[in-house]
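Please go over the structures that come below.
Two complexes follow with subunit A in common, the first pairing it with subunit B and the second with subunit C.
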Partner chain A sequence: MVNLVEKILCVEVLEKISRMQRFLRLEPEIARQQGIEVLSIFATAIDGILDNLNPILIRLSEDTQLDTWETLATVRRLSDIVNSVDELHLQLQFVHGAWVRPETHVFVKSVLDFIPRTRRQEKVSVILSNSYSFEESDLSSYFEYALGTTNVRIAIQRETPTVFLPKIERDNPLNWANLVHECGHADYAGINELFRQQRIIPDQANDATKNMLSRWAEEIYCDVFATEVLGPAYLASFATFALARVGAGGAERSSETHPADIVRISIVRDVLEKNDLKVMLNDEWRDYGDLTSFFYNALEERTKLDRKYVGYARPWPQPSFILHDFVDAVCEEIDQLISLSQQLTPKDFTRIRPLVVKRLARGIPISSYPKSELQQSVARGSLAQDTLKFDQLKQAVQEHRTLLWEIANAGWLHKIEILYPSAFQLFFTATDVPLQEKIMNWGKELEAIDKLLLKSIESSEIQRLMETT
Partner chain B sequence: MKMHNDNPEQFPNPSKLADDAVLALSSLERGSKVTPEVLKEGIKLCDYLIHLIGELKAPQVQKDRWTFRAIRDDSIALTESGIDIDKAYEKTEQVKKWISDLIEDPLSHSREEIESIKEHLINVTMPMWQSRTSEFRDRKMKRSLIIRG
Partner chain C sequence: MVLSDQEIVAALSKGKITITPLIDAKRQIGGSSIDVRLGTEFKLIRRIKQTHFNLSLTKEEIEAQVREYTEVVHIEPLEAFILHPGEFALGCTLEYIVLSNDIVGRLEGRSTWGRAGLQVHSTAGLVDPGFEGILTFELHNMGKLPLPLYAGVRIAQISFHNCMPVAQGYVNKSEAKYVKSMEIKDTEFYKEYEYLQIQKWKK
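So, the complex of A and B:
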């Protein structure tokens, strides 16, 4: 497929815009009436962003390979447009908005269950954030810090681990995958244990570097945590987030708080490969391999372009240590320490395609899947003849509960195999239909799949509650 | 009433003008019809670049606060990129002339010449775009020093 990376990037931007439109529609009726002018400014701003996007969509509709300079022009414009959506997201502070969904709390609770009971937090709160960032903070100490800057000291004196979800991702379970990384930050005991391992930070490093490396080690811990909880779905979600930020050397640029995205995604890929956690794409996408390779290669392709043509004119602090050695040392320690209470296995992944993905494609929630061996026995009639096996018969007709990571991975597969082609057809085919109308139709499609995934989480939770009571 | 958009700092946006012009020039190469307005944006960009690089070669005119800041940031980005100022000035003048020719007659320049226009527009504006993008990113990053991302 020509210009695949640019098309994916375009569709991801359009999805964010569509989600913002949907979030604005969630405004309560009374607030809508009173804030009609405010909402109309958002609508006009979104139209303006779409106008900027339109020339790129028209070019990609031609379906001929972009030349080098066109590619650079296209990705620069897309990067600017992503930043404009990011900036507009910040202005969502001016609308009343909506509260966090109950399904998000179920999702976060299921993630915490992966942390062994001895070091698990009782509760991690979820906040919808104006900033388009997935974040974690101990809210109590943050409040103490925030008020402290005004010379007023308060002492809340309790831990309140909290994760921040961007407002427009409120209904999008596929990008809640990034929240799993944030929940890793709330594994305070695990992270403190990591910091106690002295060999990860080089002795010769100065204080500033030691501080930076500690932060990086924590980030890597959270990436490994999220990968072990969700498998390739975490890489998919993180990669699309990183892809949108990749411009101007972004993917290869580390900061005081985070290693470079390309380093992080390589670590995630290594963990997946080591554990053989793979979800293959269907025949139409065979050339792109599996879910991991698909997104890893997309990010790598974009990064290569940056590396070749974008000179890094403004220098940023280059750490004076060998990144490889640091990453290896941290990963080795994490391997020993992380010991989650549940472990995904390659066998678990074999049931995603035949059972979960097919149901999703037919519009059926994927909260459960059949117990195939028992069902075959039922079909043969061998169980029905034996009344002593009634319990087995009952179990056979009651399906297995689908777990969180299965829903996330099936959702991502569905996105690549069904939603992307549908979006490519809609946005990259030259027609007279205005972009505003196209994005409205795309929004309906997104809403339908969101509802299916949310229903799946809800039903799976109901089944869990029934099984445990 | 306080207006927030009344300073010329936001104008011009060199990388946007360059990107639009590059996409239009590529259409021209493929034989598609291009509205002259888009190519005129390319001329506007060249005028800005000639002014900017001219200032780097020989600073002269006193500017108002906003214009000064916009030009200063783009100047710093260009200077730090290590770009050859004299060559960039000459090439920009040539590119401006060629784009004017193309507006008059889409067949006035060869494919190779159009390629060299595109290359120049992208390369010369890359440091400015990168500088603005990095600034945006740095602003975001400051927040994650307090709240973990």
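So, the complex of A and C:
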């Protein structure tokens, strides 16, 4: 497929815009009437962003390969547009919006269940954030600090781990995968253990570098945690997030708090490969391999192109010679340290496509899936007359509970195999349909899959409760 | 004829009936029905701003009026929804249900809850052949004490009947308003063709 990565980037931007429109519609009716002017500013701003995006959509609709410089210009422009959407997201501070969905709490609770009981936080709060970023913070410490600046000292004296979810991702379980990483930060005991041995920070580093590397080590710990909880779905979600930031060397840029995205995603890929956690794409996408390589290769391709565009050596904020050794040391330490209460196995992944993805494609929630072999034998065999045998027949039609990682991975496969082609058809085919109308139709498709996944997450949790009691 | 337990199991295994999640088949499949569970979403009636449904309004205005008429309440697992005596609320099944074109469903209450005064539907208990979606409960507490309702509790049952395959299953009907629904939908009486005619005549 020509210009696949550019098309994916466009679709991701359009998805963000569609989700912002949906979030604005969540305003209560009365607020909508009184705040109509505020909402109309958002509508006008979105129209302006779309005017900037439209020439790219028209060019990509021509379906001829972009040359190198055209590709660089397109990606750079898309990056600007992503930044404008993120900036507009920040302005959601001016609307009331809505509170976090109950399904989000169910999701976070299911993630926390992976942390052994002895070191698990009882509760991690979730708050919708105005900035388009996923973060974790101890709100109690923050309150103590914030009030302390007024010279009124208070001591809350408890841990209140809180994760922040961008407002427009409120209804999007596929990108809640990034919340799993943030929940890793709430594994305070596990992270403390990581630093106890003092083996991972190089002696030759100065204090500032040591401080930075400690933060990086924590980020890597959370990446490994998220990968072991969700499998390839975490890489997919992280990579689409990183892809949207590419254009000005984003994926290779590290900061004081985070290693470069490309470094982190390489680590995630290595963990997946080591554990042999793989979900293949369907025949139509066979050339792209599996879910992991699809997104990893897309990001790597973009990063290589960026290097051509940014024609100077970017200074690392630390001596680059220690990076590889550091990453190796951290990963080795985490490998010995991380012990989750549940462990994904390659065998688990074999049932996703035939049983779960198939059902999702039919528009049926995937909180559970049938025991296919047993059902077939029931269908073939004669009906049992004696009670004991009949009870066994009943058991055969009972369904397995779908686990969180199965829902997430099935959702990502559905997005690549069903939603992307549908969006490509919608946005990259020359028609007279106005762009706003196309986004509205795309928004309906997104809403349908969101609802399916939300229902699946919730029903799966209720099934767990019913089964364990 | 009503399907027996053996016929229900056979229909489930052949995919003529899909009920997902089917959490505890041994307990849920009865002699001639399957128990279904309460979901997490409810809609309460909010009358404070309504005098009546005003049909002289435009379709969009009536839609807004209907939206104002109900308030969505979403409970989390292990959180109770208290239905007070005399209260009416819409609820939904936890299960997503798919019927083939030759099976009709009938939603009924369960005796256990009926004795406590809980009515699960007032009038709309028929599930058409070819239906897909969650089912909506018209919950009414006819008793004298408040009822704590939890998601996942078996409050109703569906019995099934065979019929000749229908020419057009529910999902394919142009008039079908509650197709593949994953949440409780408000009434859409104003979309019925009779009401459209009445509105036309009134103008």
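In this section, the second predicted complex is superposed on the first by the 436 of 469 C-alpha atoms of A that agree within 3 Å, B and C clash if a C-alpha of one lies under 4 Å from a C-alpha of the other, contacts with A are read in each partner's own complex, and residues count from 1 in each chain.
What we mean here is this: a residue touches a chain if its C-beta (ideal position, glycine included) is under 8 Å from a C-beta of that chain, and two chains touch if they have at least 3 such contacts.
In this text the structure is predicted, and so the values were computed from the model without any measurement.
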item: First, second, both or neither for A:D67, with subunit B first and subunit C second; value: first
item: Contacts of A:Q398 with subunit B and subunit C, given as first, second, both or neither; value: second
item: Partner chain in contact with A:S368 - subunit B first, subunit C second, else both or neither; value: second
item: Subunit B versus subunit C as contact partner of A:E437, first or second or both or neither; value: neither
item: Touching partner for A:K451 - first (subunit B), second (subunit C), both, neither; value: second
item: Subunit B versus subunit C as contact partner of A:D276, first or second or both or neither; value: neither
item: Footprint of subunit C on subunit A - complex, ascending; value: 29, 101-102, 105-106, 359, 363-365, 367-369, 375-376, 378-379, 383-384, 390-391, 393-399, 401, 451-452, 455, 458-463, 465-467
item: Partner subunit A, residues of subunit B touching it in the complex; value: 15-16, 18-20, 22-23, 26-27, 30, 77, 80-82, 115, 118-119, 121-122, 126-127, 129-131, 133-134, 136-137, 140-141, 143-149
item: Subunit B-touching residues of subunit A, taken from the complex the two chains share; value: 55-56, 59, 62, 64, 66-67, 69-70, 72-74, 76-77, 79-80, 83, 86, 131, 133-137, 142, 145, 164, 182, 185, 218, 245, 247-250, 253, 255-258, 309-314
item: Parts of subunit C lying in touch with subunit A, wherever the complex brings them together; value: 5-6, 9-10, 12-14, 18, 20-26, 29, 37, 39-40, 64, 67-68, 74-78, 94-96, 98, 132, 151-152, 180, 182-183
